[in-house]
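Listed next: structures, encoded as structure tokens.
Next, two complexes with subunit A in common: one pairs it with subunit B, the other with subunit C.
Entry: the complex of A and B
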């Protein structure tokens, strides 16, 4: 094998690269996750945490704080960050638009409208519905998914512009309805606004058990579309010339991505910015090949979100700052710094 | 079913984007294997549309395209991708891939989505880059090289697709003189030896005349004339389509007509 062939086959080792990324990524996220267990209103000695994780503990309170409060919150944060970043990356791919984020195709507005309706309903009727809020949000998200899909099909035979415009239109429509709900609301206003900003504070193992499977299976489907997404960045017609059924691909990514996002945001609310910026950071770090970029984005997104969450709950403790604000405050300067360094 | 002897037969094609405005009408021609057909004609005469119909991404309103006696309408786009590859006019890539990664994408019709590329795919891609003099670009970022360099990378990608029929959409438009010569040489000699059949649209009539075995002159979506460059490029045809009276001279080296103002 001569030298230039070796040079070319550096890419054949994408599998090795991927393996390394999976290994380093999961170790790093695990490490950061354990480190994040330290932070909270009650201070627990890091040594205690380690022994508690390994041997269990006699101290019921500490054990409860770690296992029932902090650990689920961190796991939910990792799943959420990973899901938002993976779907953001995939949506940027199918829309061939670097400004796309997981919320651009309407699913978030649907979930938000569902959740706000649930909250309004709760105050109106007096029924305590808060444990059903995710269901309301999920139904709203599925409604928006259906509407976006239908309207993009009718008007533009589901090309990327059609999908994007339908998503933006449904986003506006649903946001307008949310505004109406917000304007009419009184006591419930705070709950609604808090839901819209997103938070991880209500994390528990049951929620995690519900969202884990859709996130993992969905992300795998997105991952195995990586080569098609790569080819799509040559353009719609070029991808067709390479034998890729672009409308099917787009619909697949749109539906799978939206289901992932719907499942996650139904429990966490709308945590912004992660899904827009992490895919870009991943591309800056490892290049645009989706096979590598999507997993890297997942790890980065998970790590980034739990770090932001630590800040959210410690900076002004015991008051929590909305995590969506932290992601933007930290993420925007970081991103601009990386962009500048690249150029 | 009729049997078409020729490699490519375009039969009675009609196409319009909107009602009452035919972009192409009554297009009939055939092309034997390993010939190079140049499509020429004024702006808006339907050159690119015809290319898109032959490549199978536009469906004609009427008429059929047969490639090796198979009706393209009956083939899936995956199958078509193994037979026909296209070098587009627009070579912008959304994300900043390395040039070699773009060439590897030519192997998409053959690659399992689970396993990814094999060593064979890399060898074919490398051959394609050597042929198009673009191996030295392989590590460059695709958004950071010139338009002409991108076109060579896209040609390499299309050759890596190992097609039977290669379609070029105004391929030479961004190439400087050096590469025009090299690409001319590549198209006329190397690719012909490999029995590759090529259809290319041209803006530049003189280049079209030198490179093509036959020329197809389109005017307002209809075939005005098809034949050898000598048969097509004459004063009568050019006046009819381009509405100008240019001077025609004979190219001293290639012995084909050249059009000067």
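Entry: the complex of A and C
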């Protein structure tokens, strides 16, 4: 009787905890997002921004800058950071590997190859393609998803090594093809390199409307797999004993996670480091329970990425620093600091 | 592997749908562009001296760009465009240039918009431009966004002398001074023709072999398709790398075997050493002692901007090369 009481309280605690996290997290991200509206190349008085947000615009340039440039960029940053961190956390769970990140299973390389192919062809087709790059990237990502899925099925799908190695192999293959494209390209080189570094500056509302749904639905599916992920974290056999079909779980998380990542990176390019480090930070802060850890990672990831983006666009203004560099420069020391404190 | 398994079918159909969607969009866009082109061809003025706004130009990306009134606030997103604007006497209307625009001197005080790519949209919008003169290549991916934000942008991408003249005319037309553009191009063409006629009287056998290179360990040299290569052959020289395409990394042996008569070292942003030092480094490269250019100390140091940028100053570069080769 005592035992079931503990179970009951832990259940209540878990729900209460999650509720608190959702409340605090969304308020914090909203607050940080609004605060980030203040920063940019052009300095705009915070008072003006508040009146602009409430009453609409009086100054056309300012409202264009806030509504068409900064706001979509921040929203895209939140979505991207959240998606990368959630998927990173879930992938670390299914692969039982702390070095896993959303890019380790090959989707990113596929997207990159697709985008670079699109860029390489944009001259041949008379400049028609530049606005369809995301579609190219997405097709590439789906191709790699398919190949990894197939090769992991053919190889030993019963354990996480098979999936991991298939992903790594496809990653290498596609990266090699990208290198060939880079070596062959001339005028396109610069565009390709920039795509590979990731960039939020092209954010607009249309892109956001396309990626929001896949990110939210996908993340919810990942979230509802939390208990299975928890069981898997005890060990492969333990999970099997608990009645979980681990290879099916792995494939499900892999496919859903990859689709989320494919939609996001098709628009932003490869923003590195967030998906690797944020889940670890979330784990350090709230423990390994995926039900709590995944939402925390999503909020942390979103907030972290928009803060990094603010630095990227203001530090050397009007020059923009690639955001992937900022995430690593800020994230790595922060992570080491948290690790040390935990010990 | 059975193609008709469920997973295979799902993936294959996703591919087909996405690819068809892409093809359909590209086809529609191409169709609409062809129609616009036809309309513009009908109404194209170009040569007339008075410019009526709104006017439509087809830029290098094949996009029909409509300029609604005579632009008073111009932004250039490439050093070449900045130079052309100043050469046309439009310098006073330029309100924004990139970090790399270093010519002419008067442009130094104009507000900077940042890097060439990715473009800083916020900075560009805040300067409230009537017309942005962009560059293809790096900026192709940034252009759609720029236009989405309601900015009129003309994309130029001159890769040879002829295109450079075309760009000059296009900029002049869009800015309401087509006659000034034609005048500038005519003057430049006259200078080019003068060099051409001089070169035509020189037998090909006495065209010197030219090597373009710097002092760094890895040697990059301009091959066919580069402005530099075009100017060398126009000025009556034979580029030893003419058989290669675009900028290529080459082996020092390649140069030793080609035995160039003249070595030209472009200096600028990438290479800022002293002249004597440059000559020394090049002369002492292993295996190069037999090269005629080194034996006769025919090493010339030139300003790279005269040869890399598609601007009116190319003609100065051409004249300089002719002087080096034949005088």
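We adopt the following convention: the second predicted complex is superposed on the first by the 331 of 343 C-alpha atoms of A that agree within 3 Å, B and C clash if a C-alpha of one lies under 4 Å from a C-alpha of the other, contacts with A are read in each partner's own complex, and residues count from 1 in each chain.
Quick note on the criterion: contacts are C-beta pairs under 8 Å (C-beta built on N, C-alpha and C of every residue); 3 or more make two chains touch, one makes a residue touch a chain.
Please read these numbers as outputs of a predicted model, since none were measured by experiment.
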Which of subunit B and subunit C A:230 touches, first, second, both or neither: first
Contacts of A:283 with subunit B and subunit C, given as first, second, both or neither: first
Touching partner for A:53 - first (subunit B), second (subunit C), both, neither: neither
Partner chain in contact with A:241 - subunit B first, subunit C second, else both or neither: first
Partner chain in contact with A:15 - subunit B first, subunit C second, else both or neither: first
Touching partner for A:143 - first (subunit B), second (subunit C), both, neither: second
Which partner, subunit B or subunit C, touches more subunit A residues: C
Subunit B versus subunit C as contact partner of A:291, first or second or both or neither: first
Subunit A to subunit B touching residues, read off their complex: 4-5, 7-9, 11-12, 14-15, 93, 96, 98, 224-228, 230-235, 237-238, 240-245, 283, 287-289, 291
Subunit A partner contacts - residues on subunit C that touch it in the complex: 1, 7, 11, 14-15, 18-19, 21-22, 25-26, 29-30, 60-63, 99, 112-115, 117-123, 125-126, 128, 136-138, 140-145, 148-150, 245-247
Touch list for subunit B against partner subunit A, complex: 52, 55, 57, 76-82, 84-86, 88, 90, 92-98, 100-102, 104-106, 108-109, 111, 113-114, 116-119, 122-123, 125-126, 135, 138-139, 161
In the complex, subunit A residues that touch subunit C: 40-42, 61, 64-65, 68-70, 119, 122, 125-133, 135-136, 138-139, 142-143, 145-146, 149-150, 186-188, 190-191, 194-195, 199, 201-202, 204, 313, 317-320
